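Multiple structures are listed underneath, in structure tokens.
What follows is chain A paired twice: with chain B in the first complex and chain C in the second.
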Partner chain A sequence: MIELSLEFLLAMIALLLIVLSGFMLYIFYQRQREVSFNKSRDHYLKDYSLLWYDYFFNNEIFSVVLIPRGKPQVKAIEIIFSSYLKNISNEEMTRKMKDFSNLYLKQFYEKDLMSKRWSIRMNALYRIADLQLDELLDACRKLEDTNYSKEEFFQLLKIYSIFQPELFMQKIKVPNANYAESEYRRLFVLLEEDVFIQFFDDFTSWPASIQFAVIDTAGAKRNMKYIDKLEHLLMNDDDEIKIRALKGLFEIGVIENIDPYIPFVTSDLWEVRLMIGKIFKYVPLAYTFPYLKQLLQDENWWVRNQAAKTIAEDRDGIEKLQEFISYSTDAYALEMAQEIITRKQGSR
Partner chain B sequence: MNEATFTKEIMLEHDVKKYFEMMLESIIRSHMTITTIFLKSVTNTSSEVDRSNVNTQLAHFLMDNIRKTDLLFQLEDGEHWGIIFLQSSDIEANAFLKRIFKLLKRNRTIPNEVALKASITEIRNNDINFETLLEKNKELLADDHQPQWLIERIDDYRKQSIEHVKVSIIEQNAIFRKVLETTLNSMDIANFTFEVTAYEDGYSFLQSKSYHSGHLHLIIMNDILPRNNGLEILHSLRAMPNEKKFIIYMMSERNSEIAALNAYEGGVDELLVKPFNLRLLEAKIKRTFARYWL
Partner chain C sequence: MIFLHYAMLFFGGVIVFYMLFVIVSYCTMFAIAMLDLRKRYRLDPSEYDDAHIDAFYSKPVSLLVPAYNEEIGVVDTVYSLLNLRYPQTEIIIINDGSTDRTLETVIKHFQMKPVNKIVRTNIPTKEVRQIYESEIYMNCILVDKVNGGKADALNVGINVSQYPYFCSIDGDSILDEKALLRVMKPIVLSDGEVIAAGGNIRIANGAKMQLGSIYDMQLPNNYLVIMQVIEYLRAFLMGRIALSKFNLVLIISGAFSVFSKKWAVEAGGYATNIIGEDMELVVNIHRLIKEKKAKKRIEFVPDPVCWTEAPHTLGVLRNQRRRWHQGMFESLWKHKKMTLNPRYGLIGLVSFPYFWLVECLGPIVELGGYIYIVIAFFLGQIYYEIAILLLLLFVIYGVIFSVASVLFEAWSMNTYPRKRDLIRMVLLALTEIFWYRPLTLLWRCEGLIRFLRKKSEWGNMKRVGIAEKEKSV
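On to the complex of A and B.
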């Protein structure tokens, strides 16, 4: 049995009490700081939200009371600006936010970029991009000399894509981390047309995730300038690229010449044939009916269904389907044509 | 003096009175502008004209030239005709008069000495009754020295009554909710006043019961909301018997055709994809309310 003297035990208890008291005091102090921070932030929000509204939308003169005097005010401004940016689009407002941020928030975020805490650095990077703090570009580049995370580099790429697209193209070529297709899409959607179109030059040199993201973004941007680029990709050997290029062309929704698409009517891939059935809805039925008739007799249900739907969307489509029913002997095609006619007539 | 002649096919003053009173009630309820025209024939006094024959010919001429939605009637003095135009402003009435005056000048069956003069009354409130309307128009056309083809105007009943509109903003973000509230409160829309209330979630809006009143009700809400989202509110409101009083603007962060299609098919009147320009919202609201009156 361990023998402990009474003096020793009392000394231990006293020590523990001192440590505990110190800890309690520290928690109390932190809590008070938090309360005071929140109070100051809420005070700013309550008093100055309307002034910001008037400054942005009613051409009121900028008031010096809006300039932040500490972190709580910066936090309040962040809340106001991010709410506005998320909900309101207005060039004048964005310009005013940018000018204000470069003038009065720059020093706060510059300091945050040097923080040892990852979450503070990430928050600063998000704000630099959102508020277009272009004067902090050099400070951002310095971050690359540190032991940055994958998420931080992604934010840096986003910042470069906004402020210095040439640098973005350089950096994305030597990626320090591989990102998911959806992350690349988030980056590409921000790019100006002249920068984005560069991805189509030497397309095959990019990793698959970038290739797919480029095709999907081109479709989502619905810019007719990308039609030639996507049609060119139809010659690519990769089936996934072909299918995605067709999907992108369908999203853009303008088909000037059907010749590049005709060979795909007999493609071995049902997904390709399905996309052709979809794309042909943008071309008058007079030009596409022979091919859609072929697709209506396809072995795949989805392809047959799409072909019938595309035919039915034309003004003379129902008549054409009824005509088809009168002479066709393909039981599956007949069933599909009949089903689409019934559905179309039912929805009228 | 020739005796008053009446045409069998044309309604008479006392027949039209009850229809007019019914239309007057619809002016406010259905935001319907009505315009009346009163016509009187003017004859050159130096020439001999068979007045009763001319009146019959004029009556037939008018019957041939009005639309099926216009109501032609003859006043009991036999000298005046009235036409009530539904859902029409004085601009259309003026164009109608110019057209029939031009046709009449070319009409060879009616003697050249006969002309018309007219008065237009655009009505956008119910501060008038049929007797006053007749009396004022007759008085305006009473002077025998007035020129031929004259078009007079009564502007006393053009002013619309101010309509109270309830506006509910349902948005979770407190800053943006305040922005919308300030914007809507500062909007100036002719003939309408807004009573703006803001809610942070769908449940508090549904609990407020403010939507039970008979007022025209503009609702600006997000599609995603805590506790009863925007789509639930949309379905609840559109299932109400008097759902036509709701003008529903839905805000969404989703910019997809499918989302837009679902919203419009669900009964949304306007879909705003976030972020949007506040001026665009104001313009859309102004157009919405401008459509209520001609």
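On to the complex of A and C.
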């Protein structure tokens, strides 16, 4: 048996070594191809980057030499376009890129979308969204008939949100497509106002990650139209939604009436009390001091710290804090008030 | 004589079965890693990086830099952190009672000013003397404390930090500018289900650097360092990726890893009485996850995030390996009750037995194998065959796996693009079982002996300065 095993092992080792040698030769061949690919790509970058610049920004006529003849040139164009897209916001440039891509890059990405390799399809989906290749929308929709991955569906949602918002609203309801909050934010932040506001209708029907992303995006958009919507969510039973809505309102930074916020000063949740301490920054201290004083004596360190900071930010804040120190007996509140005064005075 | 005969047969059998078990385990892990990397082959990573560079899509992180007598390196480390592409961070430098001019250097260089700051003691630590804030860099804090070792310094950093995640950084590592973005990726994309993540550590020897960043990778000339490069690639492909896929990771490198502050605090922070504090924290968090029955994960990120200098002399390498192995034993021994305990799920049933059998006891069995081969050749013909069988298994285990790792890494990640470097690595991998492997086995066995001896003299353990400590692979 051992003799057999020895032969078997020797044969195995020999076979594995042959396979690995073959693999090494393949790697060398592939690297050679990569070198010539990069050379061709760099040639294009060197020769035509300036022409692209003139075409985008100096109103020069489009030159046919810019049309890609193969993958290396497409890669070079991707590099040029993405560097402009990342750094410059210019409608004319974006339109020119879009027209060019729809005309000359479409066939390359269409082919890539059919690729068996997941990473190639993903790269194509990235580029379709970045370069706004709306003519490939149908090809993208066909991808839905295949066994697509979660990541591909996310890119499809992004593409739909740019080219066909109605379709996006329909597709985002697909029950098994659950993404992280940050991913939903990436989708929502680009949506037009009229599409985005639809998420507040029937708000409770959305999964939690979408609800949270909607609230956070509303805050980040800093649009006063969302104040009512967020204030309405303060009545929600879910604590997390309440906290997020308060955070969103804080981000927008406009408080017209403090009445809806007063009941939260005595909330059971320290996070809610902390957010109230933050929001009161946008209201003159004359209206909020009694509540902030209460928060300064809160049992939670973060709440006390925030209340002291908010008071100190007002013109008369330091004076109010010093006054508080003179009569208060709460050791923790005193310590906090003292620290904030010292810091404030130190930074002056 | 009969006794010797049976003993030889018995030990031969045990070693052969052990080697087969390890080879099958490695093959499985290699296959899982291959499938994972093949999927991501040629995927454009910049799309994710660019999208998540905005604070709106990411989570803030506190960067902890413990410093003990690092007056020369600490300023560069802080600059490399200031270079990180990440939207919201704070840098906390913890001077662990240095006896050189570390404190003065940092104060002078970053214009640190004393502040009166109240620190919440989430984890008990040695006394904090003073906290300083930089006047030129926002969110750059210096904490001066009484010496207590690296773990204690990190615990102070955790107490002072204000963000929900913290990242521990070794002073002598070179970071990729996208390191934090990449390591935070699983945390951000899982909505907090991932509570700790570590990145792939590479060897910096031979790399060309400019302004704190690596721009060209070249294989160093030192054979000992090249062997370590191969070893790192192997550990990465035959271990980390597969273990991470099933939430079985017990080690994420202390050189650059992110933890959820809430979970780390609840796990008691870094243990100050143990050598491998990184592993200890990970095991404690795993334990907590299982005890709380929470749906949380610890992940390993395959992207290279951090480069570290490898020992280039036998003496330093020996010291490092002894320490790593001793640290691993200490941690596993401390949590021995988790082994094969169904209460701890796959961590207890798979991870712990795997670490005990393959990582801890492996060196003893393997070294036994080498000794067996030598004895068998002296004892005569009947044992030759077992010895040859063992030798062939060693070839598969040592040579074939190493060559496969080198080639697969070259295909998927291409860290060393030169043809010459690849050939050198493959050729050197072929020699591994003759010199490098037996040496590391010996050192790891030494680590075991030190662990056994240390157990009795636990109370006298001398604290080691941060600069002398190495990070785990």
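Here is the rule we go by: the second predicted complex is superposed on the first by the 311 of 348 C-alpha atoms of A that agree within 3 Å, B and C clash if a C-alpha of one lies under 4 Å from a C-alpha of the other, contacts with A are read in each partner's own complex, and residues count from 1 in each chain.
Definition applied: a residue touches a chain if its C-beta (ideal position, glycine included) is under 8 Å from a C-beta of that chain, and two chains touch if they have at least 3 such contacts.
All values derive from a computational prediction rather than experimental measurement.
Chemist: Where does A:K86 make contact in the superposed view: on chain B (first), on chain C (second), on both, or on neither?
Modeler: After superposition on chain A, A:K86 lies in contact with both partners, chain B and chain C.
Chemist: Could you let me know whether more residues of chain A are touched by chain B or by chain C?
Modeler: C
Chemist: Check the residue A:L9 against both partner chains and state whether it touches chain B (first), chain C (second), both, or neither.
Modeler: In the superposed model, A:L9 contacts chain C only, not chain B.
Chemist: Looking at the overlay, does A:F154 come into contact with chain B only (first), chain C only (second), both, or neither?
Modeler: Touch partners of A:F154: none, neither chain B nor chain C.
Chemist: Mind working out whether A:L50 is in touch with chain B, chain C, both or neither, as first, second, both or neither?
Modeler: Once the two structures are laid over each other on A, A:L50 reaches chain B alone.
Chemist: Based on the A-chain superposition described above, do chain B and chain C contact any of the same residues on chain A, and if so which?
Modeler: In chain A, positions 86 sit in both the chain B and chain C interfaces.
Chemist: If we count contacts the way the header does, which residues on chain C are in touch with chain A in the complex?
Modeler: 39-44, 46-47, 50-52, 56-58, 113, 115-118, 120, 188-191, 385-386, 388-389, 392-393, 395-396, 400, 403-404, 407, 410-411, 414, 417, 419, 422, 426
Chemist: Name, in rising order, each residue of chain A that touches chain B in their complex.
Modeler: Within the complex, chain A contacts chain B at residues 45, 49-50, 53, 57, 79-80, 83-90.
Chemist: Report the residues of chain B in contact with chain A in the complex, numbered from low to high.
Modeler: Those in contact with chain A are residues 173-176, 178-179, 182-183, 251, 253, 274-279.
Chemist: Under the definition above, what is the set of chain A residues touching chain C in their complex?
Modeler: Going through chain A, the ones touching chain C are 2-3, 5-6, 9-10, 12-13, 16-17, 20, 23-24, 26-28, 30-31, 82, 86, 117-120, 122-123, 126, 180-183, 185-186, 189, 209, 216, 220, 301, 335-336, 339, 342-343, 346.
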